[in-house]
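You will see two complexes here that share chain A, one where it goes with chain B and one where it goes with chain C.
Moving on to the complex of A and B:
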């Protein structure tokens, strides 16, 4: 699609969740440090005049865009951050943080469609947005109450969209760690069942934590609700790879609920 | 009819501190309850999100001992709907921080053991950021 992605050399973990307090500067250092790397990449010629940072993970995207937004809106805050990192050059707020789906939207979903080798005709796909791709307003990439970007993505791959009233209901996020896993398993039950009732074959999501919660936690969901029927949950790029004929890149080995039997049955996978 | 609310351990400092840490004007809350109806966790909480706001307004330290402040998953559903423009996710974070800054962690990392091996890094990092100080 005439874009080449260049990975940040020496990237660091953004922290996964944005610090929501007014007085915590420390936790904004990690995300901003990644943005400084982007400026350096331009200077080193790894990219030319390209200050867009493309993020796939919804949570990283949210953290990076929030920190970036805050330093842009609050020069004093930026100054404090810069003074925290005396071993780094100063950040100037010039990087643009974008989610990969936004890039696809900018290029045009019709272009994605042109690249599809194997349209997923008849496959019924339900989008799960979760929280961090949409909220809060001013950070999210689409209308927080009525998003449509993932549906457009699904359509561009030739699949059929199945709506889900719980597509942006929180899956329980980090409650999947420790003693509150049932909170997550119950929400997976609700979200997946709603998709199934409307005829979905599978769900896609752009957040790795949502993917884990909706996919791997089905084991616990099944324990709590023996009537529960499993459903494959794919990372959105897996579906894209499948439709673009890049089967070796689909990475279905990593899914807890294996989507391959279903995809073979429908003729989207060989063998 | 007048209803009498008995506030135990009233502590105006709590309201002040929560306001400072969250950066939100907590007293603006009009108790409409939209946050509660928007909240995906409310059904499992011991008090509702709107009650979190009310107890905090009143400076009642009871709020710090609720399950609700930990069950809040920072999903921002209330944030995008509050008619008064309050970011309740930030208020809940402030209340958790008040506990965490006193070294009262919600999660004991060493109790995770083998569970930690099957969890993706994104789960562990986010849980540690939210549950531990």
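Moving on to the complex of A and C:
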């Protein structure tokens, strides 16, 4: 699609949660440090005049974009961060943090469609947005109440969109590592059943944590609700790899609910 | 003999005149301090002599090895005899390298806020923050390579706001990498076999019976065996 992604040579963890405390500077250091790396990549010629930082994980995207927004809106805050990181060059707010779906939208979903080798005709796919891709308004990549970017993505792959009223209901997020796994399992129950009632074959999401919660937590969901029927939950790029004929890149081995039996039955996978 | 140039250093707040050109360690000894702990090799290898100081008129809180850093006029000095840090107990044979063992034994690594203070503190100029970042990802190889020259001085650990014990994490990573992921080098296997077969027994006996002077001259005249570069690589 005429884009080449270049990985930041030395990136650090973004922190995975955006701190909202007004006087908490420290937790914005990690995201801003990554943005400085992008400027350095330009200086070192790893990319040319390219300040877009493309992020796949919705959570990382949210944290990075929020910190970026905050320092742009608050020069004093930026000054504090810059003077704290006195071993780094100053950050100037010039990097643009973007989610990969936004890049696809900018390039044009018709271009995605052109690259599809195996249209997923007849496959019924429900989009799950979760929280961090859409909220808060001004940070999210689409209308938080009525998003459509993932639906356009699904259509471009030739699949059929199935709406889900719970597509931006929180999956339970970090409760999954604490003592409240049941809460997450119940959310999975609600979200997946709503998709199933509308005829979905599978769900896609762009957040690795949502993916874990909706996929791996189904084990617990099934224990709590023996009537529950499993449903595959894919990371959106897995579906893209499948439609573009890059089967070796689909990484289905990592899914808890294996989507392969279903995909084979529908003729989207061989053997 | 020309007159020695003297400088003033402040050791724990008290001013002392010491000759210019001494290391921090020697300057403190000149002033009358005796190192019972906090000193070892005096050559920058053992990591025992972690020291902290500030220079006159500078906001920076600096860290160094006392045996390797020259004392300057106006320095405020204090020696760190020891950095408290818990090393977890583990049996290397029972660890599962498929999991992130580092995160399991030292979960506090996930508290890292990427402030880079550890990197700035490291007298070995290692990229300490980045090896902790690699540890969070469970990348044993990356941690091992980045931390290879760590001398366990503990300065990173003393400075980290997330209370991480970097060098213990790195040591565990190197052990796992060495045991489970790195191929045993050919020359090592060969040498172990030679030892088992008794190739060096006679020579060891000869060394054991030497006098100190004979040993000294044998040491000076020793041959250092060259290992071809390719053989020590892990690929």
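Simple rule for what comes next: the second predicted complex is superposed on the first by the 271 of 271 C-alpha atoms of A that agree within 3 Å, B and C clash if a C-alpha of one lies under 4 Å from a C-alpha of the other, contacts with A are read in each partner's own complex, and residues count from 1 in each chain.
One rule holds for everything that comes next: a residue touches a chain if its C-beta (ideal position, glycine included) is under 8 Å from a C-beta of that chain, and two chains touch if they have at least 3 such contacts.
No experiment lies behind these values; they were computed from the predicted model shown.
K.L.:
In the superposed model built on chain A, check whether chain B and chain C fit or clash.
P.N.:
Fit - chain B and chain C, as placed by superposing on chain A, sit side by side.
K.L.:
Quick one: classify A:33 as touching chain B (first), chain C (second), both or neither.
P.N.:
It touches chain C, and chain B stays clear.
K.L.:
May I ask you to decide whether A:85 touches chain B, chain C, both, or neither, giving the answer as first, second, both or neither?
P.N.:
second
K.L.:
Taking the superposition as given, does A:13 touch the first partner, chain B, the second, chain C, both, or neither?
P.N.:
Touch status of A:13: both partners.
K.L.:
Please indicate which partner A:157 is in contact with in the superposed arrangement: first for chain B, second for chain C, both, or neither.
P.N.:
Neither: A:157 stays clear of chain B and chain C.
K.L.:
In the superposed arrangement, does chain B or chain C reach more residues of chain A?
P.N.:
B
K.L.:
On the A-aligned overlay, A:233 touches which partner chain: chain B = first, chain C = second, or both, or neither?
P.N.:
Neither: A:233 stays clear of chain B and chain C.
K.L.:
Which angle, to the nearest 10 degrees, do you get at the Cα centre of chain A between the Cα centres of chain B and chain C?
P.N.:
The vertex angle at chain A equals 80 degrees.
K.L.:
Looking at chain B versus chain C in the superposed three-chain picture, what is their shortest Cα distance in Å?
P.N.:
It is 6 Å, taken between the nearest C-alpha atoms.
K.L.:
With the touch criterion stated at the top, can you tell me which chain A residues are shared between the chain B interface and the chain C interface?
P.N.:
Chain A residues touching both partners: 13, 15, 27.
K.L.:
Could you pull out which chain B residues touch chain A in their complex?
P.N.:
Chain B residues touching chain A: 20-23, 40-41, 44, 71, 73-77, 79-80, 87, 89-90, 93-94, 97, 107, 111-112, 115, 118-127, 129-131.
K.L.:
Within their complex, state which residues of chain C touch chain A.
P.N.:
112-116, 119-120, 127, 129-130, 133, 136, 161
K.L.:
Considering only the defined contacts, which chain A positions touch chain B in the complex?
P.N.:
13, 15-17, 19-24, 27, 57, 59, 131, 135-137, 144-145, 168-170, 172-178, 180, 183, 187, 208-209, 212, 216
K.L.:
If we count contacts the way the header does, which residues on chain A are in touch with chain C in the complex?
P.N.:
It is residues 10-13, 15, 26-27, 29-30, 33, 84-85, 87-88 of chain A that touch chain C.
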